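Written below as structure tokens is the structure these notes are about.
Just so it is clear, A, B, C and D label the chains in written order, and each chain counts residues from 1 on its own.
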């Protein structure tokens, strides 16, 4: 009972990785927003499995069907239902794992909590659930673009220890999409790709950090004290499979600065209150200040590896496991549009909430 | 409109730092829980300003009044209202700052969002708002203790670059409370205290990292996909003033490991499914697995410093500011009980939710 | 943004009457509940258009597809997604009404609120939206049956001025289903059917009252002070198209009694606290007392009639309208399973909430 | 766990009838609304016990204290906390009832649900809880007045069988307040007062019907399909102590009309779409159409009577009860401002929600 996100722009995802379909309902999208299925599809394609040699080879077209809420190219203000059929389901891959718990997966906790699980795939814990998030995120992104020209760009900042030097204020979406690892620094991207391929061949997996920048941020988003903008962003991003950390602006590194070094002085630029530096990451006191939103998310190495691992079965007997399914050696390239989607959902929700607050 | 937290154990805080009082309503606490005001007071005392030479010298007794919901030493199942009067209010300290925006504070964003602010103090952005969180957290903690013997201990892990070596599985609450900085490693604590005092004398401020461990965790807490345990924890902790980052288990550091190094093998111990290592930090797939919950929160250096800073006033005119109020040179010692409280609120909420889910 | 109902048993419906499909997501249904699609279908069949000569002749099979949340005949504890395709859509019937507002329909208010509407049918205001409610209600009903053997029976109590004498404590579901108007008093049912047919032939429409009894009610359902059981029931039932009134127990008639006549004396029966009379209708202080739940809902005559009516068009020009689509001359026979479904949703939600409250 | 009402204008009440105080938090009131404590006090005075000879003689000043959220005469956009101390508490009156269940009160269900109750008075089931509703309602009413000049007037329409002829479109607040029973028809009011006095002297109690009209209604309030305006109104009003029924517009009486008689024809008046009649009661398809909102609420006779009644004690033993406390022989006169408050809360909440929906 936790499949709904958002207060005004309210998203409910449904579907198991090996059920008939996955999908999402968006309730609260304002009426008359121009929207066509291709806009949703574009983001789904960036999330799609099988898109390159460094992601899972499960083949899914992930074709979006808009079943309600859109009429003659515009939203109705009614719930938007989007459905994607599951096609390339190889449930037999999971038979050997039916009765055991894959290490660092959700198998054990799901079984312990619910007393039942769909052992044909990862169920709701599978990255497949994020299809609905990305479809909804595309609508949120459109809303933000139409209302405020806000632009949201995520990219792979680091894979394992390979970190790219990137200026968030200048990065372009087109540069992110130029390579299969989605790191806009071309030289570093090549190193990352080579490393991921090496790791994949060894049957292992690898994690890293995604950074995100949102530009042309509206001022005033965030509802203190609990629904601060960074709080809802943190929740959104820690709700993603495999994420283990979140930071905004200076983040953990900022803790080694003194206040006099860390504070962002206010200055006037073109008649607007701005900050000279942006260690705040675009949020102060839980409310956006109009500067670029900058955040980072840590993703652990994929839990599924093609190596023999120690584990126990559902009866508590010691055993070993060697995965055979199709999995991502590194979730980061496909996680880029997912991170963007979650941020778009949070910003759209707060955009709508702020309209009321300041009516 | 964001002053309520939780789904089943629902907490609403109210009050400005320089209004008449601050307080909290807890709705959803189960009936018949033994509760006395002293239990609430104990945690408020740990949060209290003026408790030592390294925190703000504002003097507040922070005496808790339970106005409803408790009858003859037990909860009624009705809303529990707790009120704390504001006493040592020196609003005149704020007069010089009435018309300008303190850097890296919420002054500007509050003004921009609401078009009005209580300039006598930080309003809702003040740490004073956390009085209500701590009072509610004491009740949540009691609930968890009674129901599951869960124990929640936070401590200062790092101040600036001074980091303490602490084994989360062994740390004791009594050791945390033994010194004024709330770092259970005595030698490091002394260095931290000396450093904070030095920084305070120079009119500057400093940040750091708080680590938290929860032991005897119930299995099954967390409601995928959006209300995963770590997602709600991240929201809770990023909703605190001055927090800039959150990580669970291996966190950001875990991103430089390979999957084969990072996965936690399952083993049987005393008839229970356990993990040999705990890089997951007690949560897998968004659901607690019974291992120790381990998380860290980054706090930036306090924004208020006694140094001249560049800023603008409400009319957009360039000016400078030199604070004179009473402020914490380092928020971490007082943030320890606050972090514990937020974690207790999340765990209590999920404890109640899980009862339903698995009825 | 109001398509979700319930706190723990959370239902979200989607779909327009003339879009591709309609459906529902149920989030919060406990795991391991036995459930098969036939159980859902049975209630949909009772709601189905075209089922008899006194309801709309739109022909829809309303075949339910369960797309997620159920595995090997049991619920998973994950969102249950149910979809029903729209088939017999005659949008052309609506062309003459595209630019005008049908009296006492939602056309004008929808246009005024959203600035757009799907003029091909009633959109979300159509009774077709209740497909999702009935599908979800079937699951709620199953849950209540499995957990508490609770039985929910609604029936047509009155059509226009034709009222049936029925003892709620004895009425049987099988008697309700024995005739097409769903009035368990056979003689009165025949009069009702004859009257509805007469009204239909004259191009007019008619309303009435549905009564509902729930037996084997759990004690303790309802969450004062706002989420009292009768409050959530009233909301649920007033959210139905065409409903104009709600009463519980003695209702409006009870206002002409004195307190000494109206109060329900407590007595002991078989070791349980019971009431001798049941003017409370099974709820006292917002909480169920274990007596039969008894309530009534008023439905106005269907707004669509085959008579010339005065109205205005979207440009504010005076005009007339004579409907030609296929409509119910009386909504009550099909509303019986819908009323049952809404009550089941409320009871299931409160059943789950109560487990926590009293844990 | 049901003490919060509203989605955007969110109200949380707290307090038992015989605890230290009662109060309310309003979260979501927009900033910069002019507000002074006298405006809140005025409505509390109309709800106050002891105000006339036909209501309870408990003497409470019910003095409102605004503890947060208002600064220099305007709202801050932060939570508004209002507290009223309990003063004239005669808990000893309740000692004889400590161990038994008063018929048609919440004693039994509270005990059964929570396993504990504050037997000194009615706890949360007491009408005293409505102090917080009325205080919050005064703010909602102010918001509606400032934003839309909406005027909300309730009055006693019927006591027992004594019904007043009143034209809702013309009734004035001043006429309602002119007599102690709050029926604007003077002649009928006198009959009602005489009847209530007679009933009071006989130790009995009496119920009736309150009617409410809201004029200058904004068009577009209501969020189909579950949060329709009449659905939220029904919930709000059925959440009041002693209410047993709700109807809007033609209500139950409308069920004996034909569609051709019942439909409200659309006409143009002064360039606006209006309806010639108003059987819809101001709401169509769950959304306000700008016509007067008209609704009625049924209140049962007060459960507390000074007559010997049959009941059982907490151990299940047969016994009798004869109340001695101070109680209302008829709740309706004091319920008038409470009904207005609940309607104001619903309208304010939907006013804010609609701003977003139609941004």
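One rule holds for everything that comes next: a residue touches a chain if its C-beta (ideal position, glycine included) is under 8 Å from a C-beta of that chain, and two chains touch if they have at least 3 such contacts.
What you are looking at is a predicted structure, and each value in this text was computed from that prediction instead of being measured.
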If you average the CA coordinates per chain, which chain's centre is most distant from that of chain D?
A
If you tally the C-beta contacts, which comes out ahead, C-D or B-D?
C-D
In angstrom, rounded to a whole number, how far apart do the mean CA points of chain B and chain C lie?
46
Return the distance between the CA-based centres of chain B and chain D, expressed in whole Å.
39
Take the average of all CA coordinates in chain C, do the same for chain D, and state the distance between these two points in whole angstrom.
26
Residues of chain B whose C-beta touches two or more other chains:
1-4, 8, 13, 28, 31, 77, 113-115, 124, 353, 356-358
Along chain C, where are the residues that touch chain A in the complex?
1-4, 8, 10, 12-16, 19-23, 25, 27-28, 31-32, 65, 67-69, 71, 74-81, 83, 113-118, 123-124
Residue ranges of chain A touching chain D (in the complex, touch as defined)
8, 28, 30-31, 77, 147, 352-353, 355-359
In their shared complex, chain B is touched by residues of chain A numbered 1-5, 13, 101, 103-110, 112-115, 124-125, 129, 158, 160-161, 199, 204-209, 219-220, 222-228, 230-239, 241, 243-252, 254-268, 271, 273, 275-276, 279-281, 283-290, 298-305, 307, 309-312, 316, 318, 353-354, 356-358
